[in-house]
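Multiple structures follow.
There are two complexes below, and they share chain A, which is joined by chain B in the first and by chain C in the second.
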Partner chain A sequence: MGLTSIIFALFSIIVIVIYFITPKRFKWMVLLISSIFFLFYDNFSLYTIIQALVVLLSSYIFGLLIDKYKTTKKGNLFFLLGIGIILCLLLYLKYTNLFLTTLNHFCNLFNINYTFNLVYRNSLIGISYYSLIMISYLVDIKRGTCKAQKNIFKCMLFMSYFPILNSGPFIRYNDTKNDLYEGHKFNYYSFCSGLLRICFGFVKIMVISQRFAVIVDTIYGNLSSYSGIYILIAVLLFTLQLYSNFSGSIDIIMGISEIIGIKLPENFTSPLLSKTITEFWRNWHITLGAWLKDYIFYPLLKSNFMQSLNVRCKKIFGKKIGKKIPLYLSMFIMWILIGIWHGGAYTFIIGTGLLQFIYIFLEDILQPVALKINNKLKINTNSFIYRLYQNIRTYLLFSFSMIFFRASSVSNAIQIIKSIFKNHVTTGNKLFDLASKGGMLEFLIFIIAIFLVFIIEVLEKKGNVREKILKQNIVVRWFIIYAILFLIIIFGCYGPGYDPATFIYRQF
Partner chain B sequence: MKNFFKFIIFIIIFIILYCFVFKILWIEKNPISYFYDEPKDSLDVIYIGGSNVHSHFNTVLAYNKYGFTTGCLSSSAQPFIAVQYLIKESEKRQTPNLYIIDISRVADSYSKIEEGAIRKVTDTMKFSKNKLDAINAHLNYSNIKKEDYINYYFSQFLYHDIWKQPWVISFNLGLDKSYYKGYKMSYDNLVRQKQIKSDYSNDIIELPEENKIVLQKLLNYIKKENLNVLFIVPKRLYKLEENKKINDAISIIEDNKYNVLNFNLVNDFDVDYSKDFLDFAHLNVYGATKFTLYFSDYLSKNYELPDHRKDKNYLSWEEEYNQLKVNFKKLSGKNFDSLLENNMNN
Partner chain C sequence: MENKEIYERLNNVFRDVFDDESITVNENTTSDDIEDWDSLEHINLVVAVEQEFGMKFNMNEVTTMKNVGEMVDIIKSRI
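Up next, the complex of A and B:
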C-alpha cells in the first residue's frame, strides 16, 4: 500500500473517521487494528505472522522481564536474549545475501570453486524500522528510562503504528506512548495543518520527485547509451529525487499523525541548505542518526574497551590526537552500521556509510587547515557566495556518495563514475526530450520543479510554512490550499505507468 | 459545527473548481460530449455507433433539408456493448421518435477491445450508475488487467497531463471547431482515397456466443422499453468473415421483428468508390453528403419526424449549418452549396 495510492488514501480516511467517532478509551484499538491490517495488507502468510510475533513477543516478554530484573544478572541475560532474537531475525531476513556475497568474494579470493546462491527472504513491510524501534524500547527499559508496557496489544501498537511502517521516522516509547494510547479529540487546527502537510508531501512526491525519476531512471537504466554530462545530471538529479521522495513521504506520514493527534519527531530540517556533511546528517533522516547516536555511538564510546583505548592512545599519540582515535573508531562503526541498515549490499555500506564517515572525518581533520586558508586569503565566510559555495560542495559530495546508493553493484557505481569523465555523448534520448517528453511546457515545469525543491527548503528553514498559511484570512488561506491541490492534480505525475509503491525508502 | 460547515463549503468549492478545470483541460470532445449540450427533449433521432456515424451522417444538413434533429452518440471504434448503455444515457435526457443503431461492429471480438475504444465512450459519459455499469460491462468482456481498472473509473488519472498538448485547450474551448451537432468535418474528412469495391456477400457465419448474448440483451432491452429502432449496416468495405457474421446479426435482429437497412445492398445513392471514401471504412465529406441526402430523405418519408425549421428554439441548428458551410469553404476552397447542387442533380 503505497503512500500516494488511492487505496492508502481511502484506508487513512476510514481510519481517521472511525478513530474520531470511537469512544476515547477504545481509540487506541482502532489504531491497533488498522496497523495490523496495514502490516499484513501486502504480505499475509503464516511466515510473516511468525516474523511479527517473534519481534512482538521478544519485546513484550523480555521487556517485562528486564523491567523486573534490570539490576541483576538475570536482567542482563534477558536484555541480551531480547535484543539477540530481534537482531538475529533482522539479520536473517535482510542481511543473508550480504553474508553470502561476502562469502562468495572470499571464495573468489582464495580460488575456491564454489558459489553460494543468493536467497530471497519474504519479509514484512517496515521490518528495519520496527526492529530498531523495539530494540530501543528494550534498551530504554534496561536503562530505566521507561517502564515496560504490560498490555501486549498496546506493545503491538507501538511496534506497528501504521504510518511509520512505510518510511519511518523512528519513534521512542517514552515520546510516543501517551499520544498513541490516549484518545484524542478532533482538533480543527490539527486537521487543517495535517491536511496541508499531506498536500506538501504529495507536491514533493508527485510533482517533483516523479518528474526527476523519469530522467534518472532512464539514464541509470541505459548506462551504455549515456556518458559525460548526461550521467552527471542524472547523479545530481537523483539527490533531489531521493530527497523529495523521502521527505514527501515523511510529510504524508506526519500529516496523518497530526490529524489523529500523534506528534512524531521531525526527520528533516532543510538538509539541502547544509554547509557541511556533518550538518547535512544533522538535518537528514534525523531520527535514524539520533537512534544510532543514542544506542550505538555513545554506548560504544563509553564502553570499557574504548575508554582503555583512549588511555592507551593518549599515551602513544599525545592527548590531542589520542583522544580522537576512539571517537573516530566509534564513528566509523556507527557509519558502517548506518550503511548496513540501508540495505544488505556493499553499495549501501559504501554510499551511506563509509563515504559519509570519510567526509566527516576529513571535515574534522581539515577544519584547522581550512580556517588558516580562509584567514590568509581573507575570505568572508559569512558572505552569501561563500555559504552558497559550501551548500554546493555539500550537495556535490552527498550526490557523489549517492552514486553507490543508486547503483546496482559496486562495479556498476565505478562504471558510472568513470562515465562522468567521458565525452558527452548519447545514443539514447536527448536530455531535453527526457525532461520535456517532447513538449516545451513540460520542460519548463521540470526546471520550475528544480527551483521548487530549494524554494521549499528556504521557506521551511525560515519557519513553519503551514502555520503561516493557516494564520492568513480565509480567502488567502483557501486560495493557497486550492492552488496546492490543483498543482498536484494538474502537474502531478500519476496514472498508468506510475507505481505508487515505488518509495525509495520503503524497501528498508 | 462552524468548522464543519466551513469544511463542507471548502469541499463544494473544490468540486466546482475541479469540474471546471477538468472540463477545460482534460476532456477530449467527441459527439457523446456534444450530446449533453443539447437541450432536454430536443432531439428527434438518436444515432448510435462507431465513427461511421459522425463521419457519414451530416446532422445539420439533414436538419436544413427536412427539419428533424439528430443526436449522435458515436465514438471511434465504439464497442457494440456500449449501445445499450448509451440508449439508457439518452433516455435520461431525450425522448426521440427513432433510434438508429449502426451494427458494423456487432461482430468484433470483445476480448480484443482496445483501451481507447472503451475510454471514448465511458470517459465522456457523465458520472452516474449507468456510466459505472457501462465501464463494468466493457471490462468484463475485455482482457484488460484488473490493476488497470481504477483508471477507467477515474479517467483523469490517464488524462491529467493531456493538457500539455496545445490542441486540447483550444479544442475544448471551441476555438478549433470540427464537430457540427455531432457531425465531424475537419481537414481529414476532405481526403479522397480510392477504394476497390468488393461485393457484399449474403452468406452467414454464426456470431460468437458472447456477441450473440450482447446483441440479444440489447434487443430485449429495446423491447422492454418499447423503443422505435432502425438498425443499419453502413456502406463501407468489410472483411469477408466480418461481412458474414454481420449477416447473422441481421437475421437475429429481423427474427426479433426489427428492421435492418443494409446500405451495402442499397444502390439508390451513387457512392463513387474512387472519390467518396477517406479510407476503407469511412466516407469523406463528399460521400457523407450523398449518404445524408439519401438517408435523411428516407427517414423523413418512413418515420414521423417533426420539422423544426420555423421554431426559434432550434436556431442553433441553422447556425451550425451555416458555420459548416463557412468552414468547408475555408478548408476546401469550394462552396458547400454547389456540392449539394451537384449531388441533387445527380
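Up next, the complex of A and C:
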C-alpha cells in the first residue's frame, strides 16, 4: 500500500473517521486493528504472521521479565535473549544475502570453486523499523527509563503503528505511549495542519520527486547510452529525488498522525542547507541518528574497552589526539552499522556508511587546517558566498556517496563514476527531451521543481510554514490548501512510467 | 559536598575536556553554550566527570541530561 495510492488514501480516511466516532477508551483498538490490517495487507501468510509474532512475543514477554528482574543476572539474561531473538530474525530476513555475497567473495579470493546462491526472503513491511523500535523498547526497560507494557495488544500497537511502517520515523515508547493509548478528540486546528502537511508531502512526491525520477531512472537504466554531463545531472538529481521522496513520505505520515492527535518526532530539518556532512546528518533521518547515538554509539564509547583504549591512546599520542582514537573507532563502527541498516548490500555499506564516515573523519581532522587557511586568506566565513560554497560542497559530497546507494552493484557505481569523466556524448534522449517529454511547459516545471525543493528548505528553516498559513483567515487558508491540491492534480506525475508505490525508503 | 565545591570541580573538568580556561558553568549551562560540546565530546565529558567524582551515570542519564544543573543533581545523589 503505497503512501500516495488511492487505496492508502481511502484506508487513512476510513481509519480517521472510525477513530473519531469510536468512544475514547476503544480508540486505541481502532489504531491496532488498522495497523494489523496495514502490516499484512501486501503480505499475508502464515510465514509473515510468525515473523510478526516472534518480534511481538519477544518484546512483550522479555519486556515484562526484564522489568521484573532488572539488573540481576536473570534480568541480563532475559535482556540478551529478547534482543538476540529480534536481531537474529532481522539478520535472517534482511541480511542473509550480504552474508552469502561475502562468503562468495572469500571463495573467489581463495580459489574455492563454489558459489552460494542468493536467496529471497519474504519479510513484512517495516521490519527494519519495528525491529529497532522494539529493541529500543527492551533497552529502555533495562535502563529503567520506562515500564514494560502489560497489555500485549497495546504492545502490538506500539510495534506496528501503521503510519511509521512505511518510512519511519523511529519512535520511543516513553515519548509515544500516551499519545497512542489515550483517545484523542477531533481537533480542527490539528486537522487543518495535518491536511496541509499531507498536501506538502504529495507535492514533494508527486510534483517534484516523481518528475526527477523519470530522468534519473532513464539515465541510470541506460548507462551505455549516456556519459559525461548526463550522468552528472542524474547523480545530482538523485539526491533531490531521494530527499523529496523521503521527506514527502514523512510529511504524509506526520500529517496523518497529527490529524489523529499522535505527535511523532521530526525526521528532517532542512538538511540541504547544511554546511558540512556532520551537520547534514544532524538534519537528515534524525530519528535513525538519535537511535544509533543512544543505543550504539554512547554505550560503545562508554564501554570499558573504549575507555581503557582512551587512557592508553592518551598516554601514547598525547591528550588531544589520544582521545580522538576511540571516538573515530566508535564512529567507524556506527557508520558501518548505518550502512548495513540501509540494506544488505555493499553498495549501501559504502554509500551510507563508509563514505559518510570518511567525510566526517576528514571534516574533523581538517578543521584546524581550514581554520588556519581561512584566517590567513582573511575569508569571511559568515558571508553568503562562503556559506553557499559550503552548502554546494556538502551537496556534492553527499550526491557522490549516493552513487553507491543508487547503483545496482559496487562495480556499477564505479562504472557510473568513470562515465562522468567521459566525453559529453549521448545516444539516448537529450536532457531537454527527458525533462520535457517534448513540451516547453513541462521543461519549465522541471526547472521550477528544482528551485521549489530549495525554496521549501529555506522557508522551513525560517519557521513553521504551516503555522503561518493556518494563521491566515479562513478564505486565504482554504484558498492555499485548494491551490496546493490543484498543483498536485495538474502537475503531479501519474500514469505509466510513474510508480506511486515506489518509496525509496520503504525497502528498508 | 557543597554545591559551590561541586561547581568548582566541574569547572576544572569542563576546562580540561574542552581545552578552554575561560569556561565557567552554572546550573543553566547547556551544550548550546559551549561551542565544542557536541554529541562526540559529550561522552568524554561524562567519563571525565565520573572520574572526578568517583561515581557513574547510567546510560539513561547520559542521554537525557538537559543542563549542568541536572548533572549536579545526579552527582549529589551519588556521592
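Here is the rule we use: the second predicted complex is superposed on the first by the 506 of 508 C-alpha atoms of A that agree within 3 Å, B and C clash if a C-alpha of one lies under 4 Å from a C-alpha of the other, contacts with A are read in each partner's own complex, and residues count from 1 in each chain.
Here is the rule we go by: a residue touches a chain if its C-beta (ideal position, glycine included) is under 8 Å from a C-beta of that chain, and two chains touch if they have at least 3 such contacts.
Given the structure is predicted, the values throughout are model-derived calculations rather than measurements.
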Three-chain arrangement built on chain A, chain B and chain C clash or fit: fit
Which of chain B and chain C A:W478 touches, first, second, both or neither: first
Partner chain(s) touched by A:T145 [first = chain B, second = chain C, both, neither]: second
Which superposed partner A:F486 touches (first chain B, second chain C, both, neither): first
Partner chain(s) touched by A:F44 [first = chain B, second = chain C, both, neither]: neither
Chain B versus chain C as contact partner of A:L327, first or second or both or neither: second
First (chain B), second (chain C), both or neither touched by A:F106: neither
Overlay on shared chain A, then closest C-alpha pair between chain B and chain C (Å): 40
Contact residues common to both interfaces of chain A (with chain B and with chain C): none
For the chain A and chain B complex, residues of the former touching the latter: 6, 188, 437, 439, 441-442, 474, 478, 481-482, 485-486, 489-496
Contact footprint of chain A on chain C as seen in their complex: 19, 39-40, 42-44, 46-47, 58-60, 62-64
Contacting residues of chain A [partner chain C, same complex]: 140, 143-145, 293-294, 297-299, 301-302, 307, 310, 320, 323, 327, 331
Chain B to chain A touching residues, read off their complex: 3, 6, 10, 13-14, 17-18, 21, 25, 148, 150-151, 154, 156-161, 163-165
